[in-house]
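This is the structure I want to talk about, given as structure tokens.
A, B, C, D, E and F are the chain letters, set down in written order, and residue numbers restart from 1 in every chain.
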């Protein structure tokens, strides 16, 4: 056994840097959050595993011929994976509550203020324009949108932005309530809203995805991929004639793509790229984005309350941030904290579905304004 | 908000051409056919959606880095998708009725006349040789074969040919009956045929796909991909030892590939390429191909009737056009229209399975004669 | 019909060489083994089919634009397919028996002697160093490891090595017993071992894949892809929070990848490359590797028997060769041949799971020593 | 744009950059234009959803009117005769089964038929009986439906 | 051949082309040769299918002959004694269960065993009970079958 | 490394090569170093598995100790009075149902609830009833669980 052989065998240990060790620790933390806390495990577990495997010293999984890099090139670089996931999300989403209450659409718009306010903060911290826009998109509170937009505008920030988006998304039930309580009075939270369910015809359910696709895509071509895929999934679901495709899109395809997407994004969490002050700033700005979104939603709810002469419960505004369907449940929980039998879930679900659409629209608008393709 | 920003925001509307609007309307028509009429929804819905998304002005989904173009390059350009679908079709097809009645094989051959007659008509209309051959292949009345062959010979016509093939295939129950009634007498349609089912041994079921692959592939190498994949699926099915693969090929894989294939083909329906007189001619020639196929099948059935001294029901000839298993059902329906308890379904299924094989063979022969690879 | 057309039509028959006919016969043999004998049908059937389809004269399925070559480039060349299969294997493997009996780990190490002894024999026969190492890896008795390592070191031998590995793996119940009986006395085989099952905590089950990944990967970076993917699958399984991903990895993904992998490997069995003396030597050396592995395992078991003063049944050593979980069953069968109620299965399963890990480690060590990436 | 070819801007150290140089104008423009467009688009969507809802209501009204017209045109049903003393229908069954038993049997038969229907054409099955994995009957039904395009599910 | 690089033949205007220039010879050759080859190939296939069917019949005849020979070679079964007055077999059961009850129990037991078998090794399950999605027992059975290569399913 | 570009070493004819030139030293080094590393790594793994097992035992011991302490701290339960003549608990039910009936009803209700739970939110279903293929209720449950991160399954 000569020294060359020994060197080959100890290559791994010799190349162990503090960065790789910190990154492996972060990977373990993500896995712990996924398993012990069940924070978005479907994505955080693969991301954590990808981060560990990519930061093993001399890991053959990354680099020109690495398998994780192959996965990255297969679906992240060309944005295919987030778009395929959107087909599945569309196939799983019921826009019924929104169709019953079309005016909730405006609440979805209000829930996007956080995007632009965070963009301003990021600019103030010295991030470049495309980077600031990418950080702002965390405020869309929608995983695939964040991945799609940041990959277009600032791929070097893809990893921290994705980690921030999914981490905080799983923390929505912790982040939202304090903001909601701070900005509303007990009386406002107790407002009851009548709910007259009306039957949504099959025709309406089919027209909705088609019209949304046409209107949004023609006016904001940059939003075409996001809105088109989301609405394609929904059209397949509501058409009821292509169950095989709907099932494949929302199950097999979504599962495999989620696994690949998580591993690929984790593999971009390389020490020297991730362990920078910028990452910490992004984590902080992401949290602020969530808070700002919630606050903007509630404030817009208060505005509607004024216009409707006290008949609108401002809590529902907070459901406009997307994070479907978690945000709507948090709103319902807060409402029933004040008043056990106050049932605002269906209104909140409407606002929540609007938030899903609005997030995608906002992502497209951001891309359009940046002029990137 | 300066004029540059405004221009960015109105880019989509400014680029709206009459071609893109017509193409979006055609996409909507295909979706309507798929949902309201249930015409081959598994393919027409994704094709329609792909057509709309590709014709949105400035759509980022098509072009060098577009997601739909990525899907196209992933499986249409290299012919992978139609071949994978063939594995699934083979895994779903029971060739038992053909094995019980081997002479039905000839009816499958007769059902391919339409291919060559349509080719002649297309030549007469001024199409080039490869284009005419691609248009003729609509007469194979088999979706993946049409896609595979036209993609090899005349990829610029892929979209209209695919749309024609799938549209008319779903119209088989409308197109065939008038032709069948026109060419046969009431007495002929009422002919009853004895049916002696004999047990097909497992050995025969296994030998069939192997022998067909070897014979056809060695004699017509150009048919190897089509026949090889179809028969591989059937071998997996009949082997009964690889249920996991059979299931995956005929379910998960087939579903995902169908979705991708539809979207990718739809994305090639670009206005300036699709909205040409050629497309109209192709739609017309496709309809003629279906009619000619049916007529040739019935006429060959009449020939067999003469040879068998009136014991052969000529309607069964029409089942040789492939369009498995729809054509066989239409034949049975016509036969029982004359005579409620005339049961020719099993003979028709045999002819139909033969048509499936013959279509693939004809596709390979066409490619061989064109000398293309 | 001119002579050129005739030539086109007879091209296939004219190009039929004795090599292609022999290869097609070998493909048929593999299919026969898969179907009639059920020898690893999930891989041998696609490999056989791939071999036939690739050796059809002028087959358009192989070559620069061939569909099988596309599958090869998609997942074999870049090693993606064997790694994806490892995720599925990890998700299906229960390492509980090993965790209950950690000392069985050493038996896994002993079961890898065959790798290096076969390497020596291959060197003696004149194979180059990378080729000898690739042939040795058949002794890992683990399909994906063999594919991964030989693809890195000597891709020109991929086909015969894969065929040898899977053929003999299915023959384990035939190959092992004579060796086991030859090397042990009746008394040794009858040794009973107490088994005290202890509960394995969820924590231990989760720590196991993480620790194995970190320790092995850091010490032998070349083993990272193999061990990382195997343990990722196991972590997903034991986490119990990502059932969707576990299910997708061990079902849909594993099935589709198995089909593609088999076809792609079969397509590399081209006549002029496969029909060489080297292939015969590889088949012979592969058999020797299996025998040497078993012998080494049993001899190590006898050593443990001496150290434990006759309390260790040496048969269990043979289960350390991996071939999970078949080898453990063969051991149990041999033990109960001597003594109907001698139950050593759980010990054997522990050794077997250790063999699975050790095979992957040995593959990584081999790659590290060869200095290849 | 391959991530691994992007020059990582290691010099990016946000805090050291002079915040004074920041382009507030651009940021505020983005916020203003961005939120306006988002609100505008969603308001447009709202209007369109309203139109669709109107369409639904109009269709429902028309259907109701058509129904009313049909009822009006139909001859008035004859007044029902005064209910007899024992109005309940009794199924006279020669085997001596009472109504409840017959109802129970009927439900059992329907359920049985339903189960059989779900099992569908067993000869189309590619899998061992008992396997619910591939459920190829679903495939069979799917293909069947494709082949009879005019029957609504 | 990348579709998006193909120069789209915009000048293709079929009707304007002179149909006189059309290569009728080529088209007729294609039709003639093509249909001949298709018919020839399928006729060859027919012949081969016939041969296989012959093989089947021959195998069946041989099996029948072998069976007949076996019957001939076997010692003739003893003539059954004249049927007694009460030929029905009655299972004497000390617990006093009659035949129907025993039959019912037997079927229930078989069914129960079947259900248990289908549930297979529960410790192999990766999924929550009640989930029929992944049916990992099927995987388990699959692997098991692979590992006992000589047992026919 | 594209397989199809690799120059196939057709001249490779193993038996003709002089075995004398073989590098025995390299082979033996590989064997020695290779098996040492494999054994070393797995021995290290063994040690680590031992440590984890120790951790488990320690945790179990601590849990047992904590439990013992809790029992010690808890007030001693009052000695049970001498068992009365008829110690069995009888659920007095005003409707006159006996214990067995109540137990049967309880089980039926639990089972029914279980069945309903498995069917889950039917409005989330994308598929026809009776289809077990996509089991979208599983999706629903999965999303639900993701959205209530603090409830352990």
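In this section, a contact is a pair of C-beta atoms (placed from the backbone, for glycine too) under 8 Å apart; a residue touches a chain by one contact, two chains touch by 3 or more.
Keep in mind that what you see is a predicted model, and the values were worked out from it rather than measured.
Judged by shared residue numbers over all numbers used at their interface, subunit B and subunit C contact each other through mostly different positions, with under half in common.
Just one of C-F, B-D or B-E has an interface built like that of A-F, with over half of its contact pairs in common by residue number: B-D. The distance from the centre of subunit B to the centre of subunit D, each centre being the mean of the chain's C-alpha atoms, comes to 30 Å. Between subunit C and subunit E, the centres computed from C-alpha atoms are 30 Å apart.
In terms of their C-alpha centroids, the spacing between subunit B and subunit C amounts to 41 Å. Centre-to-centre separation of subunit D and subunit F, using mean CA positions: 36 Å.
Counting partner chains per residue, subunit D has residues 33, 37, 128, 131-133, 138, 142, 145, 153 touching two or more of them. Under the contact definition stated at the top, the residues of subunit B that touch 2 or more other chains are 5, 9, 38, 41-42, 219-220, 241, 243-244, 247, 251-252, 369. Of all residues in subunit C, only 5, 8-9, 11-13, 15-16, 24, 28, 31, 34-35, 38, 41-42, 45-46, 49, 52-53, 56-61, 65, 67, 70-71, 251-252, 255-256, 258-259 touch subunit B in the complex they form.
By the touch rule above, subunit C contacts subunit A in their complex via residues 78-80, 83, 87, 206, 210, 213-214, 217-222, 224-225, 228-229, 232, 235-236, 239, 241-242, 244-245, 247-249, 252-253, 368-369, 371, 373.
Subunit D contributes residues 29, 32-33, 37, 123-124, 126-128, 131, 133-134, 136, 139, 142-143, 145-150, 152-153 to its touches with subunit B in the complex.
Taken in their complex, subunit E has these residues touching subunit B: 1-4, 6, 8-10, 12-17, 19, 22-24, 26-28, 30-31, 33-35, 37-39, 41-46, 48-50, 52-53, 55-56, 59, 138-139, 142, 145, 153. The touching residues of subunit A, counted against subunit F in their complex, run 1-2, 5, 9, 37-42, 91-92, 94, 170-171, 173, 237, 243, 246-247, 250-251, 325-326, 329.
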